[in-house]
Each structure stands twice: as C-alpha cells, then as structure tokens.
Amino acid sequence: MIWLSQHPLSVLTFLPLAGAAVIAFLRRESADRIRGVALAFSLATFALALKLFLAFSPNQPGMQFVEYRPWISSPPIGYHLGIDGLSVLLILLSAFLTPLAILASWASITSHVKEFFLFLLALETGMIGVFVSLDLFLFFIFWEAMLIPMYFLIGVWGHERRVYAAVKFILYTMAGSALMLVGIIYLYTVTGTFDLEVIEGLVAGGFAGLSGSAQTWLFLAFFLAFAIKVPMFPFHTWLPDAHVEAPTAGSVILAGVLLKMGTYGMLRFCLPLFPQASREFAPLIVVLAIVGILYGALVAMVQPDMKKLVAYSSVAHLGFVVLGIFTFTMAGIQGAIYQMCNHGVSTGALFILVGMLYDRRHTRQIKEFGGLATTLPIYSAFFMIVALSSLGLPMLNGFVGEFLIILGAFHVRVIYAVLAAVGVVLAAVYLLWMYQRVFFGEVTNEKNRKLPDLTDREKVILVSVVFVILWMGVYPQPFLRRLDLSTAHVIHRVKHGPASYALQRTPPPAEPAR
Amino acid sequence: MITVQASDFIRILPQEILSAFAILVMVFEPFLPSSRKVVLGWFSLLGVVAAGAAAVRTSYSLGPAFNASIAADPFSIYFIALFLLVAALCLLGSFNYLQRDNINHGEFYALILMGTVGMCFMAASTELIMIFLGLEISSLSTYVLAGFKRHDGLSNEASLKYFLLGSFATAFFLYGIAFVYGLTGTTNLMTLSERLSRTGTGGTPLLWVAIVLMFIGLGFKVSTAPFHVWTPDVYQGAPAPVTAFLSVGPKAAAFAVILRIFLGAFHAVGSVSFQMLWLSAILTMVVGNLAALWQSNVKRLLAYSAIAHAGYVLVGIAAGSAEGVSAVLFYLTVYALMNVGAFILIAPIAGTGERALRVEDYTGLGYTRPGVAACLTVFMLSLGGIPTTAGFLGKFYLFRAAIHAHLIGLVIVAVLTSVVSVYYYLRLVVVMYMREGQPQATSEPLPLALRVALATSVIGIFVLGLFPLLLKKKGEAEASPRHTKLAQVR
Amino acid sequence: MIAPLFYIFAGLAIVAALSVVLQRTPVYSALSLILVLCSLAVIYLLLGAQFLAVIQVIVYAGAIMVLFVFVIMLLNARQESPTDHSLFARRLGLPLLAVFLAEVIFVVVGHFSGTVFAAGATFDGGPGAVGGLLFRNYVLPFEVTSILILVAVMGAVVLAKKQL
Amino acid sequence: MVPVSHVLALSVILFGLGAAGFIVRRNIITIFMCIELMLNAVNLAFIAFSRYLGDPDGQIFVFFVIVVAAAEAAMGLAIIIAVQRNRQTLSIDDLDSMKL
Amino acid sequence: MATHSDLPLLLLMTLAKVVVVLGVLLTAIAYIVWMERKVVAHIQSRWGPYLVGPHGLLQPLADALKFLFKEDIVPDEVDRPIFWLAPLLAFTLAFLSISVIPFGESITIAGHTIPLQITDLNVGLLFVLAVTSLGVYGVALAGWSSNSKFPLFGGLRSSAQLISYELSLGLAVVSVVLIAGSLSLREIVEQQRGLWNICKQPLGFLLYFTAAVAETNRTPFDLPEAEAELVGGYHTEYSSFKFAMFFMAEYANMVTVSCLATSLFFGGWLGPVFGPPLVRSLLPVLWFALKVLAFLFVYIWIRGTLPRFRYDQLMGFGWRVMLPVALLNVLGTSLIVAWRSV
C-alpha cells in the first residue's frame, strides 16, 4: 500500500488496465456487472486524478510526482513518469471524460459489451500514459498502443462506414507517428538517451550534436505526427470519418482527449526540444491554424449531419489551440491549454448529446428534426448550455480560452486576432443555426413527437458536464494557476532557444546501473 | 592420422541428437499403425527437447571443431536454440493437422528434425562446404515437406517451384563460393577473413562478383526481392504447419549465413556488400508490403508479409554493426514466434484440406471463436509492429542500429512501408471483428498441443515486447565485442 | 597435346550445352547434357583431376542422368509446346542475365589474364589424395553427407511412392 | 598450357547457358537439367581453381557438389513424378493454379 | 608419364594394340556365339549348327553376312537420331571398357617394353565401372526411340535392372579394392601372385558374378528381352546391322565382365611361366584367355540350365538380398583390413 501511495502516477495509469483485466475475467452474459465494474474503475481513476490535481503544487517548478525506474538497459529506456501543470489538467480531463463515456454508452452498447468496456478502460490507460511519460520511448509506446483500442471501438461498435473510418484513422495516425519514431531514434543516437528532461537540458544548454538542419528535420518529423493527430488543416480528413462513424463513447474520447495529444505533443516536445525550428515554422503554422479555424467553421456550417457538424467544429477549435501555442505568448499558450480542456468538455458533451438523440431516433440528420424544444425541454436546455459553451459565450468556459488565445494572437499580429475572431463568430453562426433548426419551431416530423426526455442516468452525465462548464467559465483560477510555471517554462525555452537556458530544475536521472 | 577428439563431438551434440532421433523415428515408423503415428510426433518433440539440453551442454564447451569447419560459439548456440524453438512449435502445430488431412506419416517428423539439423549446421559452420551441405539438408527436407500432401495438386506445385528455384539459387551460391575459393584459396571463413584483410584482395572486382553471386543465392533463400517470386506460391501450397516451418527456419538459417559471411568474413570488403544489402532491403520492403495489399488468400498475404520482414532484417544487416547484428538476432526470434504462431493457427481455422483460406472466410471469427481470433490478432499486431508486442521492439532495435549507421533514408522507407503493412494486417482483424456473418472457418476446438504452441508464442511476444533484455542480452553477447568476431571463435 | 584437346572438348561442351538449352525434346536435352558431362570429364582429366573425372562419369553420367532419362521415359515426355507465358521472363531476364554474365566473364578474364596453370607437381588428383583429404580434413562434411542422402532417399520415397 | 581464364570462361558460358535455359525452357525436366548444367559449370570452376592454386581442397568441393547433385536429382525427379501424377502435365506454364 | 619425344611412338603402339585387341575381340565374339549355340545344343541333346563348315565353324561368318545384307527396317514412328544412336552407343561402350584390362604382363619388341594392356590408368577399375554405368543408355534409348510399347517396357526394365545390380557389382569390386589398396587393374593382378582373391573374397566373387550376369542381361536375368512378355524387349524394332550391334555389344559385355572377374578374383594372367622370352611373355595371355573362356562357358551353362526370374523377384533379389549382403561384405572386409593395418 505504501508503494502504491508513493507511486500515484503508476497507479493512476494502470488502474484502468487493472479494471480491464478484471472485466476480462467476468462472464460475457453478466453485462450489467461488466458495466458496473468499468464505471467503478473509471470513477476510482477519476478520484485519484482529482486527488492528484489537488495535490499538485502550482508553485513548484518542473515535474512533480516523478517516478523513475530503469526499464530496458540497452538502449537506456527508463520508466520515467512525471507531471507538470499541462499534463495534470489533461489527465484530469481524461479521467473525467471516461466515466461519462461509460455512462453514455450504458444502454446504447448492447453487443459485445465485455469487449467494449475492456477496450475503453485500456484506452484510458493509454491516454493517461501518454500524458505522464517523460521518456520518449515510453511516450511512443503509449501513443501507439492507444490506437488499438480506439481502432476497435470505432471499427466494431461504430456506424455504417465504421471499418473504413477505423482503418483510415489508424493509418493516418501511424503514418505520422512512424516518422516520429525515426525522429525519436535519431534523437537518441545523437544524445544517447530517451529521457525527455535530459534531452531538453542538453538542447537548452546549446547541445552541439544537433545541427540546425537536423533540428528542422526532427521538428518536422515530430510536428507531422502531432499535426495529424490534432488534426491541422491539410491533415484533417480522417477526423470527420472517425468521429462520425465512432460510437458515442468513441467520439467523446476521440474529440475530448485524443486530439489533445497532438497539441500536448507540440507543447511538450516540439517547442522545448526544437526551439529554433519552432520559431522558424511558427508563421506558417499559424497561417495553417487560421485556415483550419475558418475552414472548419465554414464546412461545419453546411453539414446536414449533426455529428459531422460537431466534428468539423473540432477542426476549427483545435485550430484555435494551435494558433495559441504558436503565438509563443503567455496568454496564447495558457489560453491554448485551457481551450484544450474546454474543447474536451464541451465537444465531448456535444457528442454525448447527439448520441442521446441518435439513441432515440437513429438518425443525426438535422432536417429530420425541428421543434424538439417542445418535446424534449430538459434535453434542449442542456444542449443550449453546451452549445453556448462551445461557441465561447462569456461566463462559460469556452470564452476564457478563446479570449486568451485571441489576446496572444493580437500580440503577434493584429490580423491573426481578427481572423480568429471571425472564426468565433462563425462558430456562433453554425451552432446557433443548427440549434434553431433542430429545436425551435413546430414539430415537423411526427416521429419526434413521442420522444422520451432524459433519463436519470443521462441527467447525471449532463449535470456534471454543465457543472464543470460553469465552474471553468466562472472560476478558471485553479486551473490557470497550475499552468503558470509550465507555460512560462515552455515560453522561455522556445523564445530563448538554445542560447542561455542553463537552469537544471530536476536532476536528470542517473544512467541506470547495469 | 585422423585428429578427431571427443570435444569435437560435444560441439555438435545438438545436431547429433537430432539426427539420432530422426533416424529412430524412421526405424519405429513401420511398427506403428497409422492412427498412432502421433506418438512419433511426441517422440520427435522429445528429441528437440533433448537437443535443447545438448545445446546447453555444448555452450559449456565452446570452440571450433572438426578442423575448424564448424564452431560452437554463442552465435551458433543462439541460432540452434532458435531453430529448436521453431521446430518444437511446428511439431506441436502439426499433430492434429496431419491426422485431419490424412497425411499422418512418420516421415514428416523425421524430415522436420532433419531440416532442423541442416539449419543448425548452417548457422554453426565456419566452412563454406559445411554451410553448403547444411543448406542442402535443410532445403531438401523442406522441399519434401512442402509437397507432403502428395495427392494435392497445390502442394505438389509448391514443392516443385520451391525445389526448382531453390536449386537454381543454390547454383548461384555455389558459384560464388567457387570464385571466393579461386581468389583466396580457402573455403574456411576464418582463414578467408584473414587472407582478405592481409592480402588486400578485398577490392578486386572478382570478389565483388563472388559476393553478388553468393548474395543472389542466399537472397533466394531469405526471399528478398527480386528473388522472392517463389515465396507466395510455395507458402500457399505447402501444408500450413510446414509453411510455418519454412517461413522461419531456413530463412533464419540463411540470415545466419549472411551474417557470418557478409559481416564476418567479408567485412573487409565493405562497400559492395553494403550497397547490395541496402538496395535489396528497400526493394524487398516495398515489394513485399505493396504486393501484400492485394492478396485475398491469407497464406499468400502472410507470404508477402514474410518477404517484407526479410527486408526489415536486411535493414539491420545493412547497418553492419554489432548493434545491427544483435538487433537481427532479436528480430529473428520475434519473427519466429509471431510467424510460426500465425501459420499454425491458420491450419485449424482453414479446416480439412485447408479450404477456408480467403480473408472473407474469417468473417465474424472474433465472436464465434474469441480465443483463436485474439491470438491471431496478437500475431497480426506484432507483425505490424504495434507497441507492447515484441514486433515493435524488434523493429525498433533494427531501426536504431540503422540510424546509428546513418541509414536514415532506409529507415524512413522501412517505417513507411511498415505503416502500409498495418493496413493488410488489420484487414484480418477487420473481418474477424467488424464484419457480420457466419464464418466459413471450422469451429472444432483446438487440440492441446496447438494450444501449448500458441500460448508459448503469444506469451513470448508479450514478454519480449516488454522485457526484451531477457533475450536481447544474449543477442548482444553474440554480437559483441565487434561483429568481426562473428567468424572467430572465442 | 593438352591445349588442343582442351579446346576441342571445350567447344564440344559448349555446343552440347547449347543443344541442352535449345532442344525441344527432353531426351535430346538429356543426351546433350550427357555429352557435356563427358566432355567435362575429359577436361577434368586434362586438368589432372583423374578421380573426379571418373566420378563425374560414374555418378553424373552413369547415375544421375540415367535417372533423368528413366523419368523422361516413365513420364513419356515428348516435345514441349512453345508458349508465351514466359515472355516477360525472356524479355527481361535474358538480357539481364547476358549483361551480368558478360560482366563476369570480363572480370574473370581480366583477373586471370595471362596466368597459366602451374606445372602440376604439387597437385595430385588421384583417388588416394582425394580420399586422404576427405577423411582427414573433411571428415565432418563427409559424414554429414550421409544425412543429406538419407533425407533425399526419404524424400523421394515419400513423394513418389504410390502407397505409403 | 591452357590459360586459366579460358577454362573459367568456359565455366561461365556453361553457367550462363544453364541459367538461360532455366528461364527459357518450359518443360520442368529440361529446366531441372539446366540446373544440373549450372552445377557442372561450378564444378569446372572449382577444378580449374584447384589446379591453378595447386591445392587439392577444391576437388573436395566438387566431390560434395556431385553428391548433392545426386541427392537433388533423386528428390527432384520424385517431385516431378508426383506433379505429373496429380496434374498430368510437365509444362511449368500449366502449374499456375495459385495466382491470387 | 610420357615425355614428348616418346609421344608419336606411344600413340602408334596404342593404335596397334587397339587394332589387335579389337580384331581378337570381334572374332572371339563371333565364336562365342557359335560356342553358345553348340553348348546349349549339347545341353539340350541337340547338335547345334552343323551345316556351314566343319562343325558349323563358319556359321558366325554366315550370320555376319546375313546381318549385313538384310534389309534395314526403320519403322515410321521411331525417333530416328536416337534409334541410330542407341545401338552405336551400346556397341562402343561395350568395347571401350576392354581398354584398361591387362591381358598379359608385357612384351619387349625392339628394345621397347610394351605392356599388354591398352592403357593403364591408376583409376582403371573405376574407368570400367564408369563405362559399364553408361551402358544403360544404349538399352534405355533403344526402348524409348522405338516409340513402341514393348521396347519401351523392355528399356525401362533394363534400366532399372542395370541400376539395381550395378550397386552390388560396385560394392563387390570395392571389397577387392579394399584388399588391394589400388584401383589399377595391373596392380591388383600383381598382388595376387601369392593367393588369388577368390580365396579372400569368396562371397565377393559370388556377388560379383551374380551381378555381372544381371548386368549383361543374361539368363536368368534376361528380363528386358523376355520374349514371352515383351516380344524382343528393347530391340524388338531393330533389324539387320543395328540389331547386330546390340548383339555384339551383349557378347562384348560378357567378355569384359569375364575379363574383369579373371583379373579381380582369379589372378588375371598369372600362371606358370616358362620357356623362351617370347613364350614367357605370351603364356600369361594364354592363361588369361583360358580363364576368361571358362567364365564364358559358365555363362552359357547357366543359360542352358536356369529358368528366368519374374520381374518383381529380380528387383527384390537385387535390393533385398544382393545389396545388403554386398554391404555387409564391404563392412566385414574393411574391418579386417583396418584390423590388419593397426
């Protein structure tokens, strides 16, 4: 037990996997017990994550709760875990969304229940693992391993074109990460370690082994992987397919967490490790991000399918995040991180809402609906709040993030801020227009007249989401406070490049003894 | 007169024991009724285990034997252990198959053992004559095994194609040896290496010719492009457990020979063999992976995948370093586990006469036979190189060695093609889990022997995927301190 | 004495080898091959390898080729019918092969240009010499050959016997 | 005396003819015979080198090649018989039942 | 090794020897046929040839004329080149192996010592084996090229038979070689001065002779031309001179095999030698000829008394009896040789 309390990150990471293992031994027929176990484990994980979040000290620089243990001695790969403000938020987000996803699929998943929840929990381990790894190799393992459960979630429990979507998803992501693997190995051959902190220290100390062109290529290798994952504008085509075809839980996790891994990777790896290249490529990336914002918004506007609309809105929102990151300003990056969480919560919630409607009507076409506000009043109210959060209404969470990002962009170039603001307006247009068509007016389709309103389980989900939305909108301080040092650190690294940063905050782990 | 000592015999103890068991199998064969031939199978398995024990014994008295024509060094012990593992898995996987397809003849087991003997000799020999003989023993055994379903046209055809192209390749290999001999006056690898570096004949075009010829010959055996054309037909036509055997055993043995010859004896020659390996690696990876995309027959699909994997191994060899060698050794073991596993699993799925072999036949298998499908999924993921499976770490080590040797372009081709490969590996997973319908595949329960073999492979894949050093340390011992030591005996 | 004989039999061997390749009837190919083998045996003899020359005739011409002829007769293999299945192989393979072999000849001739065989004082190609080597230096390969032959026998029986 | 290169040239020519025959011929028995032709070319090279180096070891190789050729012949012809029995053909072009 | 100055003379002498041996052999063959007919006739209480010449002694000549002048029929469907080649091959090979057999010690003419042997190879015995191993082709190709059912069967049978019995034959010879430690026939003969090999290798001789009878397709192993089943066997379609060539080849083979048996087991030309130098050098030839003649008589005698085997009996006997016994014989001999040399 003492060991467990001393290794909170390991426990947190592998608790869901333990749950998956338990489920593996449950009988296939007892579906409810399986669901219960899954929920219990995910809630336990969430509790742990919350405890970790609270225990995380906002004033202490560097990584916290560090665990180090040599794993493979040749090449020296360490089981190196640790979190900073950035990861603690994302872990919390993952741990929060997983129980919601489980609840959201409680009734809608009826076939192969056992496998479904098994994969879902395994997926959670993968996600948390990605956020806690401080060893490039370990990170890569979680990064790739996570694809498999997601692939199954989409491919087995998805909608009509699920196989296509699943394969497209996995191939796109793997193509990107394959090059990242080459980059990681190359980085290792140059520096002799996979340890993120050690490499970062070397780079900051003006490490001579990494020439300018090597840095550029490495940056591109890493960035491509992350850009595909985000997805940034020209690499986004897998996203609508995957989101639309995935089951609700899949979409929630996909939009809520998986996309964040891309932006997380940029912050964690691209910027600190390759500062010079990051600075060089920033203008191009910012432009792409803005294109993504506008393109995503415009395409979302014309979607006849609600889920697809939400999916494209993700492209736009993540454009914001990338824009914020590559402003290299405190406000921009903080806003970006905050927006990552917001998007996770509100888009996740939107997918859950669309999923609920789909469970009732087995369609997501906007034209099939109309006047739902009269038949489903509670549902409509929740939908409204979430939609407003997503479009960035002040007092709700979306506003804080978008505001900070636009602020950051403003510092770089005014035109960026203006264009981003146009994106915000467009978001309002497509969300509200959709809301209007679906919920207002007369009930046009007879099938919609007799729909049951929310069940208690659904209410629990939505209430918790709305609670978070409000809290994050009204009182962002607890979150932002924990980001300060991490953000400052990233900015320092990227701005001052390999020039002067000599501060070694945590001693690099000693070379493992044989 | 004849200077043969007792230690000489201890240094080839595994081979001796295997041969003895093979002969005993033949002796007992006529006395067993057809229904009880499986006893011979278990007996052969016993022989493999005994040979394993013998290999342990041999590892305590390392050194050259029989006038330095063979060496018991860590390198050879490693490969012998690998071959024994492959033989054991294939034996376990074949018991039921033989009975079911009514080809339950004792010769099968004897041939598997003999083939293993040949492969052991290939890996252990430091004399080109012995390598050649080992190659022939393993080849002849596998030619017969490929055609073991005598009344099946496909099996005949496989056997014939394997035989014709194999002999063709052998001729090239031999011709290469002839030129090496003509140039250096020796066929002993150690002497050869010495003479090459001492006389500086390394650069002569004649040696290049010899190297190219030998590489063509060995390239056929490991099925690198463009010498791979036989592979799909042979793998498809041969009985599935045999395919398992010949997709790994002779291939690994030929790689052992390539390592010994190209990195050991010819290391002084350098550039030509490197260019060749490099080019061949790229071609093989691209051809194997792209061709696999269009296959609808599972065995053919895996055949092209096996071609592609030869390409990955070549990446490690092209690195030309001790690191590369150790990566290759590790990878070959991993490859053995996953490929043998996949092929022996195909057999019970395909049913009597191997009817259900199309990818579509696997529809819904994930639900009708969850265990089988899960195993197959593990093999596919490992073949595709997904982390936490050994397949990933294997590739990782190969790529690391190559990047260390500044072969970045090669590695990029390798990773991209391996992404392509994920597509076709996942096709099986897709049909098993994501398509509705009743599987064409049979649903008889797996026999115990097969379960043991599969469990070994799956557990091995995960254990090596997470704790590679259990094996990797060994692999490194073999390759260190310098790869040039390969041909020498400590 | 040796040189003219060599060129005569070398020429014979080439012509016969061409005939092996060009004949459409397997029996003719087989007979041409026997001719090649015998010419080569003579060349071996000229090069001082008496034992191998005789072995060549006994084993190759007398056993292996008999087996071929026997199988040709058993399967009644008559003239092969030309097909264009292999057009690709011919178009691509033959030129490649030709280029490669021309290069090999060029390299080989270049490498050994001007060298003649040393006067064969140290060279003994009789059965005693070969046998001595075989049982002293090459005793392991010799013994391993028995495994090879066992495999071949077993294989031939497994594949060709009517009833096992 | 005959120059070494002439003997080797003969060897290469024979090898090449064998390889060409392997590609061109359609009858599997003939193809097999072409392989034998190649092996003989190899043997010739060995004997030439052996004589050239004054080293009898090369002859040992020839001895083993002949033994192997015999084993291969036994095996190969058995395979050919098995094929003929099941497929009633000796043409390599008819043995294409496995394309895709 | 001959030096260059000797070369023309050597060639000339060799040529002369070839001509002489060939002449003698051809005549001998003719009269062996006559002898066979006579002996078999007497065994069967008949007279045999009696009309042409005294005791039918000119009968061989008449036969030869008949063969030469009969119409040479070549059926339509035959494979012509091979149909021609087969008898030629059989004939040539049969006569080739005689070239290494020593039929006497040596003869000295005008200061030159001429060994009574066409060539003395140090691998002479192997040469004989090599040539006999090629003998299959004549028969097999004859059967094949006739493009006719019975000849084909005859040819196949004969090939199988030759291959099967060649092994035992070779192994029997190997045991002699083991004792002699040489492959040169001259040396093997010389070594028998004290004791003939038949005393050391009785089993070997039995094996050799049985296999030899089978190798020459003689009764009781004359399956390839078993008239009852196969009409005339492989030479059914042959007529006239081509048939004669087969015919002569068969008898030449008999002679060769007998010569070899004499050299290997019965001391070759060895025998009591006396008289003037010329007689001294010619007497061995006489001994040799007599021994060979004795063997030929045994051949004929067997033909006259034993019935023919059935085909499966023949193969079974070859593989299940002859081969194992021959192997054991080699094993035993080599053990004794090894034990002696220690």
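Order of writing sets the chain letters: A, B, C, D and E. Residues in each chain are counted from 1.
Convention: a residue touches a chain if its C-beta (ideal position, glycine included) is under 8 Å from a C-beta of that chain, and two chains touch if they have at least 3 such contacts.
All values derive from a computational prediction rather than experimental measurement.
S.K.: From subunit C, count the fewest steps through touching chains until subunit D is reached.
M.R.: Each step joins two touching chains, and the minimum needed here is 1.
S.K.: Hop distance check: subunit B to subunit C, minimum number of steps through touching chains?
M.R.: 1
S.K.: Suppose chain centres are the mean of their C-alpha atoms. Which chain sits farthest from subunit B?
M.R.: E
S.K.: My parser should flag the chain pair with the most contacts; which pair should that be?
M.R.: Greatest count of contact pairs is found between chains C-D.
S.K.: Quick one: which chain's Cα centre is the longest way from subunit C's?
M.R.: A
S.K.: Go ahead and note the Å separation of the Cα centroids belonging to subunit A and subunit E.
M.R.: 94
S.K.: Need the CA-centroid distance for the pair subunit D / subunit E, whole Å please.
M.R.: Centre-to-centre distance between subunit D and subunit E: 33 Å.
S.K.: Counting in whole Å, what is the centre-to-centre distance of subunit B and subunit D, each centre being its mean C-alpha position?
M.R.: Measuring from centre to centre gives 25 Å for this pair.
S.K.: For subunit A versus subunit B, what separation do you get between their C-alpha means, in angstrom?
M.R.: 43
S.K.: Name the residues of subunit B that each touch 2 or more other chains.
M.R.: Where subunit B meets two or more other chains at a single residue, that happens at 129, 133, 136, 140, 143-144, 147, 150, 159, 179.
S.K.: What are the residue numbers in subunit D that touch two or more other chains?
M.R.: Within subunit D, residues 8, 15, 18-19, 32, 48, 52, 55, 57, 60, 64, 68, 71-72, 75, 79-80, 82, 92 contact more than one other chain.
S.K.: Residues touching two or more other chains, restricted to subunit C: which are they?
M.R.: In subunit C, residues 51, 55, 63, 67, 72, 74, 104, 108, 111, 137-138, 141, 145, 148, 151-152, 155, 157-159 touch at least two other chains, as defined above.
S.K.: Could you list each pair of chains that touch one another?
M.R.: Result for touching pairs of chains: A-B, B-C, B-D, C-D, C-E.
S.K.: Which stretch or stretches of subunit C touch subunit E in the complex?
M.R.: 1, 25, 27-28, 31, 34, 50-51, 54-55, 57-58, 61-63, 66-67, 69-70, 72-74, 126-127
S.K.: Mind listing the subunit E positions that touch subunit C in their complex?
M.R.: Touching subunit C from subunit E are residues 4, 7, 79, 81-82, 85, 121-123, 126-127, 129-131, 133-134, 136-137, 140-141, 143-145, 152, 155-156, 159-160, 162-163, 166, 183.
S.K.: Provide the residue numbers of subunit D that touch subunit B in the complex, in ascending order.
M.R.: So the residues of subunit D in touch with subunit B come to 8, 15, 18-19, 22, 28, 31-32, 35, 38-39, 41-42, 45-46, 48-49, 52-53, 55, 57-58, 60-61, 64-65, 68, 71-72, 75-76, 79-80, 82-83, 86-87, 92, 95, 97-98, 100.
S.K.: Can you check the complex and tell me which residues of subunit B touch subunit C?
M.R.: Touch residues, subunit B against subunit C: 1-4, 8, 12, 19, 23, 26, 65-67, 69-70, 105, 107, 110-111, 114, 117-118, 121, 127, 129-130, 133-134, 136-137, 140-141, 143-144, 147-148, 150, 159, 179, 204-206, 208-209.
S.K.: State the interface residues of subunit B toward subunit A in the complex, per the touch definition above.
M.R.: It comes out as residues 367, 381, 386-388, 392, 396, 399-400, 403-404, 408, 411-412, 415-416, 418-419, 422-423, 426, 429-430, 433-435, 467-469, 472-473, 476.
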